[in-house]
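Two complexes, one shared chain (subunit A), two partners (subunit B, subunit C).
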Partner chain A sequence: MVPAANGSAFMEAGKIKVMAAVYGPRQRPASAGSTSSSSPVLLCDFKFAPFASPSRRGYLKDSSERAASLSLLRALEPAVRYEALPERSAVDVFVTVLEEDGVQASVASAITCASVALADAGIELYDLVIGCSAAFLPSSPDTPTNVLLDPTVVESTHPSCTGSLIMAAMPSLAEVAHFELDGSVSGEEVGESIDLALDACASLHGAVKAVIAGSGSGDTVS
Partner chain B sequence: MATAIPGQALGNAADFAAGSGTYTRHGHVYASVIGLPKTKPKVEVVRGKDATAVPSIGAIVTGTIVRINPRWATLKVMVVESVPTSEDFQGIIRLQDVRATEKEKVRIDRSFRPGDIVRARVLSLGDARNYYLSTAENELGVVFATSLGGATMIPVSWEQMICPKTRVVEYRKCAKPE
Partner chain C sequence: MSSVVSFALPAARNPVKPEFTRHDAHLNDGESTLKPQARASVVLPGEEIATATSFMRGHGTYPLNDKLQSSLAGVIERVNKLISVRPLRSRYSGEVGDVVVGRVTEVGQKRWKVDINARQDAVLLLSSINLPGGVQRRKSEMDELNMRKFFTDGDLLSAEVQSFFNDGGASLQTRNTKYGKLRNGTLVTVPSSLIRRSKSHFHTLSSGVHLIVGLNGNIWVSKATPQSTEEKDSEMIYMGTNDDDFSDDVRRNIARTCNSIIALARCQVLINEVLIFNMYEAALDLDVPVKDIVSRREEILSHARKARDFMHIDETQ
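Up next, the complex of A and B:
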């Protein structure tokens, strides 16, 4: 995907198009981490392309993109084998959303795409990290389930939507890497959504593995 | 065996020793990189692409001098051992690390000039910005330099190089040819 990067990946999920590029391990910039520690760092950068949304976005990162960068870091960190990285090195992850369809679903796709790019770059990982998002809508007699997985922008910004979640799972190890819940949601709804999201992560994991295996070892995954 | 993917179980830790590209967790060996798994003599996952080179302590590195000042010379590291780096690393050769003897008489401007290609050894990871490098060995120092006249200079001693065009002698900390 990105010839200059050590690893890269591109992913489409519905309308969402995400691109991830991984550089490193490279010399840790003086600005990253404390100067006394020599531990390696992961640096994540999440950005919506200016043309990603119906309304044009700026070139500078806004607060939602800064928050998404942090979500991305939190989701990928548990999977990275820091002990296998050289001392005082940095791994840069740049994710660009070329077309978005709801912020939560875009972040979830970014997590999946970034973990594939990390694997493509040869960064040692415990497992791939697969992202999934959900929106909570009030239940009614004709809609038995009120959790929508990977909602579109219409669903996640619907006036009756009561909350959203972002889940990042490591399906091979059956572990959750990151979990974000927003809004006012009941306990049963959360429980139900976690089960649904884990199932979705597991099936997406199968699809991602098939793509990696089909692309040939170490070649660029697309 | 088909391509292994990070997180894929490769076998029981009791039966196999975990090699490169793998890790052990809860009594099982798992892959940690994309690649082809090998089972003998250890379980390993071999990547198709080469890993990028990163300087490690004790490694011989090669690069160009980008800046000098009276206390140190800054080197842009481009090759580690014999593997080119995908991106440049910055290192410094401090005054006291230029040569092994008569350290108090060393002058940076009589040892290196910007543009020289230098071979050095990594002393330590250094400070936040720089690796600390040393040329205090016979085989380390300037391996290639051009004179003020623009010609490639020839080493005449361990601290002098001569320009074949103008016959001007310039001072360098020369590397002993191998």
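Up next, the complex of A and C:
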């Protein structure tokens, strides 16, 4: 995907198109991380392309993109085997959303895409990290469940939407890497959404593995 | 929230079983069993590769509940009881004696940091370079103050890997006239896996182009200069400007060579001086303009493979 990167991946999920590039492990620049510690660092950068949304976004990162960068870092960190990285090294992850369809779903796709790019770069990981998002809507007679997985922008910004969820799981290890809940949601709904999201992560994990196994290292270089 | 909400995390789920099995044959090894997918080509991080503890864990694996999991996307390699995963793609990891081409990133106390596409920057010590004015001169304090006159940030250099530090970083040396600052040319970067160790990494092609094939994937393509002048003038070795007599023909030859190398890298073939030169000649033979070499790479490569009589190389040490 990205010739200059050490590893890269592209993913489409519905309308969402995400691109991830991984550089490193490489010497950590003096500016990155706390200079006193010699432990390796993971640096995540999440950005919507200016043309990703119906309304134009700026080139500089806004607060939602900064928050998404942090979510991405928090989701990927548990999977990275830091002890396998050399001291004073850095791994840079750059995720660009080329077309978005709801911020939460975009972040979830970014997590999946970034973990595949990390694997492509030859970074040691405990497992692939698979992201999933959900929106909570008040239940109505015609919809038995009020949790929508990977909602579109219409669903996640609907006025009656009471909350949203971003979850990242490591399906092979059956562990949750990251969990982010917004809004006022009942415990029952949260429990239900976790079950649904874990199932979704597991099936997406199978799909991701099948794609990678099918293409081999089909990624072109240079 | 006013009320206390309590919820339990869901019970541990069974790991996802891959639906695709590439081989059905299990590899039986006494009581231990290598998973069927472990016999196949590619595993992914988190994938179980062996069930028993009787295997020794090598690179790219980690233990989990008496099982061995892969932590890399790569190919399983097994030597007797040792199981390791070789990554499909990895950064350059050097060996002592490797010829590398790198870029200075930092000037420090008696040392330069050099980016050689490895996991860490390499170190070039002031004591590991040839000082101007006599090869065997002792280094003085003036040399320490003048370090930026030898190499400064952004300079390209060729060097040899001398040794490794405990943390895995490489130490370089340029104590040979064939190493040192690079000028009169262009850098081409290709995946380091496409370059194999060979007898010589310095080549002068009959087209008047000089190649330094760095094992880290950096290839320096420059104007060929008669060796005698380089050795004579010790002040010249740290000069950072190009020659005045740098003809358009030579520049075009360099550009053609660079694009031939990029084309070879896109074709995913092992790169060596013979193939580079054959590619170059094939492009000339087919009358391909320099700018179209990369886009018409397949055609040129098949022509280069058919006509093997292009090869004319003067080996230079």
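Note that the second predicted complex is superposed on the first by the 216 of 222 C-alpha atoms of A that agree within 3 Å, B and C clash if a C-alpha of one lies under 4 Å from a C-alpha of the other, contacts with A are read in each partner's own complex, and residues count from 1 in each chain.
Here is the rule we use: contacts are C-beta pairs under 8 Å (C-beta built on N, C-alpha and C of every residue); 3 or more make two chains touch, one makes a residue touch a chain.
The structure presented is a predicted model; accordingly, all values stated were derived computationally and were not measured.
Once both complexes are superposed on subunit A, the partners subunit B and subunit C clash. Once the two structures are superposed, subunit B and subunit C can be ranked by residues of subunit A touched, with C on top.
By the touch criterion defined above, A:Glu124 lies against subunit B and subunit C together after alignment on the C-alpha atoms of chain A. Using the contact criterion defined above for the overlaid structures, shared-chain residue A:Gly183 touches neither subunit B nor subunit C, since it reaches no partner. Of the two partner chains, subunit B is the only one that A:Tyr23 touches; subunit C does not reach it.
In the superposed model, A:Ile194 lies in contact with subunit C only, and not with subunit B. Shared-chain residue A:Gly14: touches no atom of subunit B or subunit C.
Within the superposed three-chain model, A:Ser89 lies in touch with subunit B and with subunit C [touch as defined at top].
Of the two partner chains placed by the overlay, neither subunit B nor subunit C lies in contact with A:Pro138.
When both complexes are aligned on chain A by C-alpha atoms, subunit A residues 6, 24-27, 79, 81, 84, 86-89, 119-120, 122, 124-128, 170-173, 209, 212-213, 216-217 touch subunit B in the first and subunit C in the second.
Only residues 1, 5-10, 12-16, 18-20, 41-42, 44-48, 60, 62, 64, 69, 71-74, 87-91, 105, 113, 115, 119-121, 167-169, 189-191, 262, 265-266, 268 of subunit C touch subunit A when the two sit together in their complex.
Across the interface of their complex, subunit C is touched by residues 6-7, 24-27, 79, 81, 84-89, 119-122, 124-128, 170-174, 176, 184, 186-188, 190-191, 194-195, 198, 202-203, 205-206, 209-210, 212-213, 216-217, 220-222 of subunit A.
Across the complex, subunit B is touched by residues 6, 23-28, 30, 35, 38, 79, 81, 84, 86-89, 119-120, 122-128, 170-173, 209, 212-213, 216-219 of subunit A. Contact residues on subunit B toward subunit A in their complex (touch as defined above): 2-3, 5-9, 21, 23, 25, 30, 32-36, 47-49, 51-52, 54, 56, 86-87, 89-90, 125, 127-129.
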